[in-house]
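Both complexes below contain chain A, partnered by chain B and then by chain C.
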Partner chain A sequence: MIQDVLFYLFAFMTLLSAVLVVANPVSRNPVTSAMFLVLTILFMAGLFVQLHAFFLAAVQILVYAGAVIVLFLFVIMLLDLKEEQSRRIGKLGSVLGLVSVGVVFVLFNRALSGLPAKVPGATGQPSLEGLTAPLGHALFKQYLLPFEILSVLLLVAMVGVILLSKKDLR
Partner chain B sequence: MSWIEHLSPTQQFVLFSTLKVLCVIVVLLPTIAYSVMAERRVSAAIQDRVGPNRVGPFGLLQPLADGLKFILKEDFTPAHVRKVFFWIAPAVAMVPAFMTMAVIPFGSTLGAQKMVIADLNVGILYTFGIVSLGVYGIILAGYASNSKYPFLGAIRSTAQMISYEIAMGLSVIPVFLCVGDLNLGQVISYQSNHGWLVLYAPVSFVIFLVAAFAETNRLPFDLPECETELVAGYHTEYSSMKFALFFLGEYANMIAASAMMVTLFFGGWTLPFFGLDQPATGILGGFLHIGIFMGKMLMFMLLFIWVRWMLPRFRYDQLMDLGWRRFVPLGLVNIVATAIFLWMRA
Partner chain C sequence: MTTLNQYLIVSALLFAVGLAGALTRRNAILVLVGIELMLNAANLNFIAFWRFGPNPELLRGVMFVVFSIGIAAAEAAVGLALIIAVYRHYKTTDLNRMDTLKG
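For the complex of A and B:
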């Protein structure tokens, strides 16, 4: 009962703050948008906690709310985006946005309806629940290669950014 | 007390959790107020002054007088500020410091209750997540003030806190390599069996200590407020109770950082003699453990205060250099060295 109430509360607040990130009727300030993005992430972490994925919830807050969006704010505050404040969402933009939301919704719906109601052999408790050790085993044993490839990808992006930001590069 | 047994487990959980939260806050608030007072008395002693000693016996009622002064002062909001953010910022600065206390085991047991508010499996990650939210209070204050010095203070603190969070995160990994669990209760029971972790991971402790000074904006790393360059940094435009919230938030953060260091490196509520390293059986032992924890924590608070009046402030580029070019590589080497050591031993 309380679980259901909490789920609907978190889900509603996630969606509401996500909408306020892109279409805030009161303020067109980019800093306000970034702060609503933080709220979206916090409520999403609440949803993860309800799924007993404590590790994901903590990392979600630590990485996205604690670091990535702080850097967003850093950039927004240094650039002083006056143009961004006066810009409105055009007709084309809203149509394209709605279409892409529709496509994502259909894709998710198709993918989820294809699943059996209960995966055979699965117990009620997911094996990754709460504990960090099973997650580590899965990442570093079962999915080692994809994990390492992803980390190389991140490294490439980092080196690329440093190269681009250096002005006098020989 | 028979009515407690009649409650369902959920009701008992809610009742005891609420009680623990209330007790922690009731103890924490005076501790914050008196650490401000301790700061003033210790600094006076270091500088060969007298310090506040007029209000009450030995000046012990000074925090009350300070609090009254903050409430009675005019709460002035400058005309050029961004109102909403200006009001939210002090609260955002204060709340995370309290939330980190939720996973700290501040005692063994009282009766059947474990003396920790939330016994999370991911304890340390929760703490890091909440601590990383603390930076928003300072950023929002700087942005909302809409003037140059607070803004510069906010920009500095953003870069400083993110940089030292990385060093701090890297520094605790060897601790968890030794323990094999992220739960802070497990960390303490490991220490009661094998000895304090500061002996196993001294490099980790040094990095964590320095990073804690940087994260709480204390001298020698108080660049976000840095009065000789930035007037008062991010809280230049604040007055009255709003300023007090930032000020007390800093001390609350120091208490949280001290509690973390005691838990991770100095055995939490345990002491290695008189059998004090096992969970208490009676009520008296339970209170004794809480007392031991508080004592260790206050020692670290004293260290925070002492260092402030001993060291000069770092220059900003020196601060960043120390974080990125010294502590991050050192932290990485420390992880690899600990891993190799544990592998050789196994």
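For the complex of A and C:
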């Protein structure tokens, strides 16, 4: 019962703040959008907790709200975006956006309505007390190669970012 | 009791909102924000399928999301560096004004 209430609360707040990220009727400031993105991420972490993915909820808050959004905020404040505040979304743009939302949602909804209520072979509640320890074991044993590849990818991204944001490439 | 379908509908709506943001906003940074929303919707789907699907103890869905969050972080960093480089050149982040490749 309480879980249902929490699910609807978190789902509604996630979607509401996501809409406010994209189309805020009060403020056109990109910083406001980024702040509502933080809210979206936080409520989404609540949904992850509901799904028993506690470690991922923590990672979501640490990585997204802590690192990615801060990066967005830094870039927004580095660039001079005064013109964005006075800009309004054009008629064509808003119609296009609404139509795309509608089409994508109808598509997904049609795909979901044919689904059986339970996934075949589902065992119900996962019997994992703590997710973090088995996750670490799997990450460093079964998924070691992808993990290392990801670390190389992050290194490449870091070098690439430094190169891209240098003034002269020579 | 919440079901798989409820989570899938939430994630579909979130994806649709992110897509609308990526299509309607003309500021490159806010387009990236829309893409982040869509990535998050995909992550929610992975976890919902992990939780309600068969063999949750194998942690497949969780692994997908761990890697997807790592890649999203790299993607955001590279995307923002590109935006800074473009801003140096064009003095704007408005996507409509970056039309050098337009035929």
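To be clear about the criterion, the second predicted complex is superposed on the first by the 117 of 170 C-alpha atoms of A that agree within 3 Å, B and C clash if a C-alpha of one lies under 4 Å from a C-alpha of the other, contacts with A are read in each partner's own complex, and residues count from 1 in each chain.
FYI, a residue touches a chain if its C-beta (ideal position, glycine included) is under 8 Å from a C-beta of that chain, and two chains touch if they have at least 3 such contacts.
Keep in mind the model is a prediction, meaning the values are calculated, not measured.
Undergrad: Go through the superposed model and pick first if A:Val59 touches only chain B, second if only chain C, both, or neither.
TA: Both partners, chain B and chain C.
Undergrad: Just checking: does A:Leu78 make contact with chain B only, chain C only, both, or neither of them? Give me first, second, both or neither.
TA: both
Undergrad: Tell me which partner A:Val31 touches in the superposition: chain B (first), chain C (second), both or neither.
TA: First partner only, chain B.
Undergrad: Of the two partner chains, chain B (first) and chain C (second), which one does A:Val21 touch, if any: first, second, both, or neither?
TA: After superposing on A, A:Val21 lies in contact with chain C but is clear of chain B.
Undergrad: Who wins on chain A residues touched, chain B or chain C?
TA: Greater contact footprint in residues on chain A: C.
Undergrad: Quick check on the superposed pair: does A:Ala67 touch chain B, chain C, both, or neither? Answer first, second, both or neither.
TA: In the superposition, A:Ala67 contacts both chain B and chain C.
Undergrad: Which of the two partners, first being chain B and second being chain C, lies in contact with A:Val161: first, second, both, or neither?
TA: Only chain C is touched by A:Val161; chain B is not.
Undergrad: Now for A:Leu153: first (chain B), second (chain C), both, or neither, which partner does it touch?
TA: Touch partner of A:Leu153: chain C, not chain B.
Undergrad: Which parts of chain A are touched by chain B and by chain C alike?
TA: Residues 55, 59, 67, 71, 78, 131 of chain A touch both chain B and chain C.
Undergrad: Can you name the residues of chain A that touch chain B in the complex?
TA: Interface residues on chain A, with respect to chain B: 31, 35, 38, 54-55, 58-59, 61-62, 65-67, 70-71, 73-74, 77-78, 130-132.
Undergrad: Can you check the complex and tell me which residues of chain C touch chain A?
TA: Per the stated touch rule, the residues are 1-10, 12-21, 23-27, 29-30, 32-34, 36-37, 40, 43-44, 47-57, 59, 62-63, 65-67, 69-78, 80-85, 87-88, 92-94.
Undergrad: What residues on chain A touch chain C, complex-wise?
TA: It comes out as residues 3-4, 7, 11, 14-15, 18-19, 21-23, 30, 33-34, 37, 40-41, 44, 47-48, 50-53, 55-56, 59-60, 63-64, 67-68, 71-72, 75-76, 78-79, 81, 83-84, 87, 89, 93-94, 96-98, 100-102, 104-105, 108-109, 112, 115, 117-123, 126-128, 131, 134-135, 138-139, 143, 146, 150, 153-154, 157-158, 160-161, 164-165, 167.
Undergrad: Enumerate the contact residues on chain B facing chain A in the complex.
TA: Within the complex, chain B contacts chain A at residues 85, 120-122, 125-126, 128-133, 135-136, 139-140, 143, 151, 154-155, 158-159, 161-162, 165, 182.
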